[in-house]
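Below you'll find the structure I mean.
Every chain is named by a letter (A, B, C, D, E and F) in the order it is written, and numbering of its residues begins at 1.
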């Protein structure tokens, strides 16, 4: 099981999402049609194959509206799902469960979608030794949840933000007058617990980039031949990260060049939600 | 131009997204590599064809970090984009612009993605009279932005939440003991400015559903033949909404059955971000 | 019993109100005079006749300061109250209950006041078929609670905000160059779940206003004769809403003109708080 | 002019009120009917006589939606208003002004209502030397605004919360075993900048209450004769506050008994909003 | 035991502090090294002598991450601590306790530090009748907690903010054209529950300052002789507060001059955190 | 000049601190004594030698209450201060400046205090090559400001939270059954941009700790001899951090053992505020 996030980091998001959906009047359909004391038993069921991630969101959504509802997880985050897999069951006040349904499913479906896509990439590079990592191309407000879903899918996390590692890109290099100088300044600035990564756009930048010992070199939009050349030149001198032009068709060949890490923006910016439904049981 | 949202409804999201990205230490790369007073001119450039939506997010991201930066829109929300289209240009403090880049692009790319996908559906039903509408399957916290992007793409909005219209589904019908009774209760509950929609799963429910005059009937997962039969039976007695199994391959045939409205969850839950970049100019 | 709001929509208001009252030092009188472990039993008692609304506010105020206190409702929201009626009893930590008292009473008294005034209007039109509805003239921050109280008093809700229905007024008509054109634009803009209402200031505007099929026509400041004429001309073609100059003396005559709906700003902007006290028992 | 509150204490309330009114979609009527670039000039006009209070709320509401709008105050908070008095004029984006209208008027009308009612009480006791003060029976979330409006009406503020003065009531006295002991404990607890007030329900408690030197004695629900007796016995030994059963018919007689201060809950819990309109000019 | 603050006033601070420490990814060390189900028993142990204050912060930090953890207080706020004193024990989920450790200790150590320093001042003036009070030189966001800690140490609180008492300083006096006039204006402005304090910089201002009956006179940076002279002149006419140049070496002599109150900014702006550790048991 | 934080990361703290100080009524002394239109010119002046840090806090405090005030920095963050040094001057509305004074000074004094203490440590190890770093023993809510102040003082930052680096301590080692296994698990968990540090309590743990290649080894409470031995054994195999028992008397000797980094909790948990005043000019 993937190490879970504390509820404290999820509850505010779930409550804000519920408030967004309930609006000012609350669930008028449930008020009109469902008895205040009615009970309901439901199952969260996957309609498609995938990977579980974010069950806590569904649990917290239901408990936000009915603290006494039961919620039983049937799978753990990171587990594979088949069509028809029951992720969890819940029982409680019918209005509460129906009012929480869409919020729970929106979060759960999105996170399972991220985990599912990540797993596809991870499986595609199986055995090569390359790790699949995410980017900062996440949904505003949900970064830590989406990065958690990446972990559920077997991926590994890149930076969490602008503040936890240095990543030197073209504009920084231009401002410093050269890639070596940029790395030198970064090294001088960074504390002993902060890593330094530098992005290079071609093989000709590679030696300069390595001069001041960056922890990671990002090889941006390199061809497979260029990647192989970079690996031959630099493997072991820094972690090598391939980036750009990565998709499920290309990722294995990229991994087989010997790079250590492959970053994939699509994991979070273009994952389709996994189709999960709430069935009365 | 699509009628814009007030900045007041966007600023909190942009600021929270920036805070999420800046973390506790801020943009350490910019601090290390970019002079505090350096200036930068940039263009937001589309790498793919699409539809513009959410330029205000990019503007507000930059102004949140440099209130004195210039930001010039070159297209309006709703305009078509070609590869290479410049959406906007900006000039200001280099650190500020680079620190705001990812936040601005994350929001802009997502909203353009929603608008672009919506436009594809709208174009696919062109001339049929059917309207493409969204659902509540939106990103938690971004619903009003994503529904705005649907409008930019030429779509129309369904309910904004659980509170602004009644939408009777299977669980509500079961709780009421029948579809007619459910609509009757909803009518009695609803104020004079609230509409009532009822979902039916088959033609056999249709007449019962119509008995108490709902404003809208959702025909859920109907075959094309069933849709045609429903249109023949009910057109003009209520707005008819097709839902379920809608994709870009099926949507035109659905529209040609004569339904009034086609709702598409994918507009928001599975749109891929449009690839937009920030180029120094 | 009026369908209750989820606690999730009330708790933030109660907690903010308590924080406002407790300030930075907390309840210094209770600290000075009441033993930390002392217990207290209290009853919320109405001093005047009225209608109950907002008991959840009192419950949540007490539980915010003593989660283990008991709180027993003796009436339900919407029930009539006589002088001396006990609305609820509570037992718990004495400091907590006394510190929560004013916050609980402020919210409860205000909401009972709204429900009580609403009931007076509803009773006044009894048998006429007209419905009493509220307006957006509510207390900032408390709109959904006050509209809930209107429902407790037997009233029905108008729009909840600027976003859930279109209401065309004089300035909009002027901007469109005429009432018919304004309704036409609104119809084109509105999704299939959004209603359109138009306000007219005189009988001469009525036919134009009806041309593009608004859902509701508001007859603003019409005399009784004008209302009767409007009903004769338009009943059944749109819902007819009387507005302006409504008070408890005039409301029945207005209702007897045959209008469908009467909106009353005073329900929320000028209701007097119901006098409720907290008695030790 | 009454000393104004800093905008910092008003802006969050205005912005929250606007967000409450704009909801998720914004002002759909303005979007549908008003051109995005249209301009509007308006005047805030009183329909009734009263006292101005809270003009900053109207200004901040308009500026929140159009930072470039002009807003010109024609009266100052605390000034008298006649029917037709123009409080302020504004000019700016038409959509922005119309979207801000209701929020601005809701706050302005409420605060003018409080100031107007306060002024009536203050005028009623003119020449007696008694001061009219408010209570903590305020609208949750708006206490500091309503207490400001009391000052605009010529009143004086009682405690702002549970924390800025000690006010010993019957439950506290019961818990301490007597009024003298309660005051003694309060004195021991209070810092040198915190005052102590004690409420007495009858003349027989008065000497005990005074024994340990409270700053203020509240004479709760005393008859006029009792008030006179209390004044005779205690004037100058503590500030004497009359409370309970105060209305515009009784307040002058109460003031003439010689009490120093008269507290009136109705100032805030039952003031009717002053009728103010927004006229296009 | 010092009267505790309601949890409602502490929980938001503890949760914000935890969120600050957990960041976006949570406690990665615990995730990597500690089993999700592992249990831990710990004791909060003082490494130094001091005074307890803020145990609720440690309790709430642990319960925020493990609501089912036990937390047993072994001392009460205000109790003396020796090296090795156990303040509390807790048992619960190991990850939760370790993740909460630093937040709990940061708050607890700071508040114990304030209480400890306060107690040193209070002990230093023992028997003189002078009271030790704090100032507004507190940590932004923690004022009410630090003032609570001052109470735990035996001190008394000065103003809680700019709003709960009037304190006239040199700039105010200059603006009024003299100290007497400043006090006169303050008296006229203040309600009957607000005290007025005036700061004087020399004996020559004293009589003027007293003319309009301030509640408190602050003698700022007076020498011991000047303090004695001020006491001789003014004792009993107002509370006399010594301020400025107070430290543990000078405080007793100051107290022996006969002043009523001695304010010490260092209590909150320069207290060292008490060294408290969390030991596995 | 130390690279400044974006205002976006400071403004919320300044506004919350002002709101805390203004309370519900605002600055009653300024209201009573200062004319609404009065102007004031002031200087922020250091009373003691030190290092500047946090001038933006003072600027934002003043601008929050008077957006049109001028604020001119005379020194930059990181600059040395002598008694009498003017840090900045401001001119604007007198009430606004006086109301902002304490909030501005509280933040500025605290941050200058941290920078000043840091500089003392940095100077003490001058020439040794050791870097002074902070810890997570910061003020709740102010961590990023205090870590910024550490940078202003010439120090370097350790982890910003539980999430941006792995730091294995005794409890984690115990849970893993040994230090080598703990580092192995951490390495497997960490992404390519996250560093791993491990704390050892004695020389006997050192080789085990190094087996799986941690980035940093913390030598906790080592004697000088032990530090020298650790340096001899491990220098260059990992960054070596000394921790525990560090003060201004011991720090140079520790630095001279050859460790790379010395972490000092006192920088943030026990820095005394620098004495800064606001003088009218």
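The rule we apply is simple: a contact is a pair of C-beta atoms (placed from the backbone, for glycine too) under 8 Å apart; a residue touches a chain by one contact, two chains touch by 3 or more.
These numbers were taken from a predicted model, which means no experiment stands behind them.
Common neighbours of subunit C and subunit E, listed by label, are A, B, D, F. Among the remaining chains, B is positioned farthest from subunit E, on the basis of C-alpha centroids. Counting C-beta pairs in contact across B-E and across A-B shows that the higher total falls to A-B. Between subunit B and subunit C the centroid-to-centroid distance comes to 32 Å (mean Cα coordinates, whole Å). With centres defined as mean CA coordinates, subunit D is found 44 Å away from subunit B.
Computed from the mean C-alpha positions, the centre of subunit A lies at a distance of 51 Å from the centre of subunit D. Along subunit D, residues 20, 22-26, 30-32, 99, 143, 157, 160-161, 163-165, 194 each make contact with two or more other chains. Subunit E meets subunit A in the complex at residues 15, 18-19, 22-26, 30-32, 36, 64-65, 96, 99. The touching residues of subunit D, when paired with subunit F in their complex, are 1, 3-6, 8-9, 143-144, 147, 157, 160-161, 164. Of all residues in subunit E, only 13-14, 16-17, 20-35, 38, 40, 94, 98-99, 102-103, 105-107, 109-110, 113, 136-143, 160-176, 182, 185-186, 188-190, 194, 266, 269-270, 272-273, 280 touch subunit F in the complex they form. Against subunit D, in their complex, subunit A makes its touches with residues 20, 23-24. Interface residues of subunit D facing subunit E in the complex, by the touch rule stated above, are 131, 133, 156-160, 163-165, 191-195, 197, 215-216, 239, 241, 260-261.
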